[in-house]
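Just below sit the structures, each encoded as structure tokens.
Note that subunit A is present in both complexes that follow, paired respectively with subunit B and with subunit C.
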Partner chain A sequence: METTRFNKITSLWIITVLVLFVVAITLGIIMRLNQSELITVSPITFYTDMTVHGLTMIGIWFVAGMAAVNFIMERYVKTSHGVNVFAYVMTVVGVLLLWASTFFGRFHAGWTFLYPLPFKVMWKSWATPTFYFSLAVLGVGWLVWCLSLVSSLLKKYSLKEVFAWQHFSKNPKTETPPFVLIAMISLVGIITCLLAAVILLVLTFAEYYSKGSFVNDALLMKNLTYFFGHTIANEMLYLGLAILYELFSEISGRPKWKTTWYVALAWNFTLIFILTAFFHHLYMDFVQPEGFQIIGQIASYSASLPAAGVTVFSVIVAVYRTKINWSLANLLFFLGVTGWVIGGIGAVIDATISNNFILHNTLWVPAHFHTYNALGNVLFSLAFFQWFSAKYGGGSQRWSKVVLWLLLIGGIGFLTAFYIGGADSIPRRYSSYPEVFATAKTLAAFGALFATVYLSGVLVFFVNISKRCLKILLQRS
Partner chain B sequence: MQYSILMLFFVLAALLVGIFLYVFLSSRQSNGQLTGMANALQKRFWFVLILFSILAIFASVTIPKSPYFLFSGEQPSKVVYVAARQFYYVMSYQAIDPASPTGESSIELNTNELVEFRVTSLDVNHGFAIYSPHNELIAQTQAMPGYVNRLRWKFSEPGLYTVYCLEYCGMAHQAMKTTITVK
Partner chain C sequence: MFKNFVAAFIILIPAIILRADRQNMPNLREESNIYQKVYDAPLRLIDGEQARLHQMAGKKPLVLVLLFTRCTGVCYPYLGQLKKQFEQIRQVENEPFQVLAVSFDPRDTQEDMQAMAGAFSLQSDSLWQFAVTDSIEALTKSLGFTALWNEELQQFEHDAILIGLNQQAYITRKLIGFRSNAEIGQLLSSIHNVFSPTFRLPNPNMRFACFDYDPATGRNKPGIGLVIIALPAVLTLLLLFAIWLRTRNKSSNSFR
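Up next is the complex of A and B:
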């Protein structure tokens, strides 16, 4: 009974995420087509699409990770089904409000809504409060969800155990499963960044309703914005890794991975690095204290140590010369790790202050974060969707190879166009390009073409998975 | 410079693809062997140490080249004040009054003279990105309301430089630009 309820809500999350993913990719393709001048939309439509595209992508892959973590967590502790449903309702309401403010209200301040741009109203006046209200709805739903999961973990594990600190002693009496450790580390990071978002929203509403008597500090607001935005975008990836640690060995028919002191140390450090790496978004704000800038570079570099030293290396070691039951799910995990580490190299390059000086806000930025999302984190979540729907919805997977090749060819093609664009100094977030950027239009057309190939892979996957998830949803309890 | 970075990235990406492909093929050809570690999460301190050393070398070489330290021991021979607003720049050799911002019709600078750009914004966040006559991004800073970012630069080549806004600032962001002449 309990399992069926969790299967149903997880199926609902999967279908919703995939529908919104198709919408968000389509918006992305429209943007690239407009930049290539193969189609023409107004700059306002372009920037509205851009705002929806960014926020939707961050939102859906965050909730996809959360839904998967919630599902797997049921193996270890009892979680609240009611809170899971509450988070779903709040997410749907939040997305509808967001779409109302953007598609109808024409709000187009970008997904980072960098203060004070949302106050310079170039859209319907109701769109600004509606946009912020949509964020508040999403934030409350997600914060309650995270707090509920943390409280579930703490009912079973002590604080020392949940962070796996007992593994620092020679012979630990209890073992903290890697999934529990990583989920906890990620949830704490998410709660911290959501609290920063609460402060950001309170300050924003204070200024909005003060009618000019209270004005915020732009540098503080930018720090808060990226503390929230960077961290949540990073954490959704770590949620995906928690799933990988749990399922990769299981799907591959190999022994379950176990926590060691080394793993515990790496993940505890990861939390510190994640919470301080956001400074790299402010490198070009020279008034920011130099110490913070250098911390930004060191934290961004350091974040790759536990990631590469533990996760990536472990996956390589686990697979090397070992018979694995390869299926679509663990192939997606394996490819996702490859895409994640390659995107990570692009990120480390950009997180180097002297490189950022000539790459910041060029197409290099979407290049690297699309790499570790479209060919990294998304594949982790798709792997979970595949595993979950096959296990509980039955039926054989069709077109597996086709899906993989379409995602790979499409992904590599549209990302290459971004990287070359970054090297050509082409600005990001331009609805159209000045003529002097000779390669910009061609690269945009190339990007749109390959993004369409990627989309067709997602559509094939979507049809297969949705059928099974619908079957689970319609099963009698 | 950007193309050297791109090449470095492509080489490292190709190397990683090669490693992952090799590992994947080794699994496919394993014929039932189970030589992978039973628990893949075992310590491998040497790997982290090598990675740490490489990153530490990179950091120690690149951090001193950060723009905050550029020409920090020298006195600028010219100061250019920049006030950005939706969707244009005001530039002047004198400080700009935010109440009635006025600037020069054109900014002319000399090669190899140290210039300090004092960049602020009168409304939202903007970018101040200098592109060479060959349309290559060579230097940038942000224009933030309430703050002044100081960017020091020496132009080595004469020509017409274009300044683009690289921080999204609204519906005409893509059209926000100005020029600087270097003699």
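Up next is the complex of A and C:
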């Protein structure tokens, strides 16, 4: 009975995420087509699309990771179905408010909504508070969900166990499953960045309602914005990794991965470093203390190494010269790790202060974060969707090779256009390019074409998965 | 319970938003209308020529000064101060620019402005131009500049303001009040599309600044804002500890 309820809500999450994913990719393609001048949309429509595209992508892959983690966590501890449903309702309400503020209110300050831009009203005056309320609704739903899962873990595991600290001693008496460790590390990071968002929203509303008697410090607001934005973008990837640690060996027919001292150490370090890596978003801010900039670079290097090193090592060891039952699910996991590493290298290059002065406002930035999302984190979640729907919805694996090739060819082509543009110093966030950027329009057309190929792969995948998920959803308890 | 909570939330949100809609936005005067295109006002210059504002900016980037000739307040001292400052600045500034003084008083004529220029011997200075316009309202609106008429004093209440316009006639920077040569230099950089760091003005209503400026020493001291950046991590630790304590107390009912 309980399992069926979790299957249903997980199916609902999957269908919702995939529907929103198709919408968000379409908006991305419209933006690239406009930049290529193959179609024309107004600058306001472009920036509205950019705002919705960015926030939707961050939101859906965060909730996809959370839904998957919640589902797998049921193997270890009892979680709250009610809170899961609550998070779903809040997410839907939040998305509707976001769409109202952007599509109808024409709010277009970008997904980073950097202070004080949202206060410079260039849209319907109600759109600014509606946008912030959409974030508040999403934040409340997600924070309650995270706290509920942490509470569930701590009911079974002590603080020492849940962070796997016993593995630092010889012959630990108990073992913390890697999934539990990584889920806990990720959830703590997410709670921290959501609390940063809470403070950010409180300060924003305080200024908004104070009629000028309360004014915020732009430097503080930018720090809090990226504390939230950068951290959640990273943590959602770690949620995907928690699923990978649990399912990759299982799907591949290999022994289950275990937590060792170096796995525990790597993930504990990751938690510390990831919470300070966001400072690299403020390299251009001349008023930021220099010490923070240095912490930003060191933390960016350090955050990527332990988790990536240990995970890549584990995956290579698992597949090297061993018989693997390859399927769409574990191939997506495997390719996701590759995309994550490539995007991570791009990110580390950009997080180096001397490089950032050249790359910061170029297409290099969307290049690297689209790599570890479109060909990294997204593939982790699609792998889970595939595994879940096949296991509980039945049916044969059809079109797997087609899906895989479309995602790969589309993804690589679309990202190549971004990387070449970045290396050619083509600026990001331009709705249309001046003539001085000779290759920009061609690259944008190239990017739109391959993004359409990627979208085709997602659509084929969506049709297959949604049939199974609908079947699960409509099953009688 | 969750259903009730969600329903209450959904009902409350529109009410709060509607209330928010009625609130005034904070007044960021030096930041208003930045990177917006100025109105292409027709100008009558004191040398008898006619020109349009975009045309003048297209020839040389402009520093716009807004004033009126019947002013008994800030306009004349401000103009005198600007004359001195621009005499110093033009010695070191290599890029071309022009200072354009425009009246926002509909009573002012070309002759009035000529007299004002003459009072400071600026009428034949190539750096300076003086003009009147018939499109005062459209121009001041596009600049985000407000002058309030005081019936009792028969005077306009207004800011002493410098506005930078680049060659594409975009507003690049504003300076309100008497400002240093260094700040005017930054305004000149902005009209030549050169990056120049900008700071928001010190605001007594700013509560949680990352740095507090101490006028006595001229230095910045770390402020409460820097502590707030660390607050999410501290709150998370406290929350974790609280949840752990709560669950430990219920450990007898745990899974084990």
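Definition applied: the second predicted complex is superposed on the first by the 477 of 477 C-alpha atoms of A that agree within 3 Å, B and C clash if a C-alpha of one lies under 4 Å from a C-alpha of the other, contacts with A are read in each partner's own complex, and residues count from 1 in each chain.
Just so we're on the same page, a contact is a pair of C-beta atoms (placed from the backbone, for glycine too) under 8 Å apart; a residue touches a chain by one contact, two chains touch by 3 or more.
Owing to the predicted nature of the structure, the values given are computational and were not obtained by experimental measurement.
Visitor: Report clash or fit for the pair subunit B and subunit C bound to subunit A in the combined superposed model.
Guide: On the superposed model, which is not a single observed complex, subunit B and subunit C clash.
Visitor: Using the superposition on chain A described above, determine whether A:214 touches subunit B (first), subunit C (second), both, or neither.
Guide: The answer is second: A:214 touches subunit C but not subunit B.
Visitor: Under the stated touch criterion, which partner chain does A:275 make contact with: subunit B (first), subunit C (second), both, or neither?
Guide: second
Visitor: If you count the residues of subunit A that each partner touches, which comes out higher, subunit B or subunit C?
Guide: B
Visitor: Output check: A:249 vs subunit B and subunit C. Expected answer is one of first, second, both, neither. What do you get?
Guide: The first partner, subunit B, only.
Visitor: After lining up the shared chain so the two structures overlap, which partner does A:320 touch, if you call subunit B first and subunit C second: first, second, both or neither?
Guide: A:320 contacts subunit B only, not subunit C.
Visitor: Just subunit B (first), just subunit C (second), both, or neither: which does A:263 touch?
Guide: The first partner, subunit B, only.
Visitor: Please indicate which partner A:116 is in contact with in the superposed arrangement: first for subunit B, second for subunit C, both, or neither.
Guide: After superposing on A, A:116 lies in contact with both subunit B and subunit C.
Visitor: With both complexes superposed on chain A, which partner does A:342 reach: first (subunit B), second (subunit C), both or neither?
Guide: A:342 contacts subunit B only, not subunit C.
Visitor: Is A:286 touching the first partner subunit B, the second partner subunit C, both, or neither of them?
Guide: Both subunit B and subunit C are touched by A:286.
Visitor: With both complexes overlaid on chain A, does A:39 touch subunit B (first), subunit C (second), both or neither?
Guide: In the superposed model, A:39 contacts neither subunit B nor subunit C.
Visitor: Considering only the stretches 3-11, 21-29, 57-65 or 93-101 of subunit B, report the one that runs into subunit C.
Guide: Answer for the clashing stretch of subunit B: 93-101.
Visitor: Hey, what residues of subunit A end up touching subunit B and subunit C alike?
Guide: 116, 120, 217-219, 286-287
Visitor: Enumerate the contact residues on subunit A facing subunit B in the complex.
Guide: 43-44, 47, 108-110, 112, 114, 116-117, 120, 122, 178, 217-219, 222, 249, 254-255, 257-263, 283-287, 290, 293-294, 297-298, 301-302, 304-305, 308-310, 313-324, 326, 334, 337-338, 341-342, 345-346, 348-349, 352-355, 357-362, 419-420, 422-425, 427-434, 436-438
Visitor: Quick check on the complex: what are the subunit B residues that touch subunit A?
Guide: These residues of subunit B touch subunit A: 1-3, 5-6, 8-10, 12-13, 16-17, 19-20, 23-24, 26-28, 30-45, 47-48, 51-52, 55, 58-59, 62-63, 65-68, 86, 123-125, 127, 129, 131, 135-142, 144-151, 162, 164, 166-174, 177.
Visitor: For the complex, give me every residue of subunit C touching subunit A.
Guide: Its residues touching subunit A are 2, 5-6, 9-10, 13, 16-18, 20-21, 23-28, 31, 197, 199-200, 203, 205-211, 223, 225-226, 228-229, 231-233, 235-236, 239-240, 243-244, 246-247, 250-251, 254-256.
Visitor: Touching subunit C in the complex: which residues of subunit A?
Guide: 77-78, 82-83, 85-86, 89-90, 93, 97, 116, 119-121, 125-126, 128-130, 133, 137, 140, 147, 150-151, 154-156, 158-159, 188, 191-193, 195-196, 199, 203, 207-220, 223-224, 227, 275, 286-287, 289
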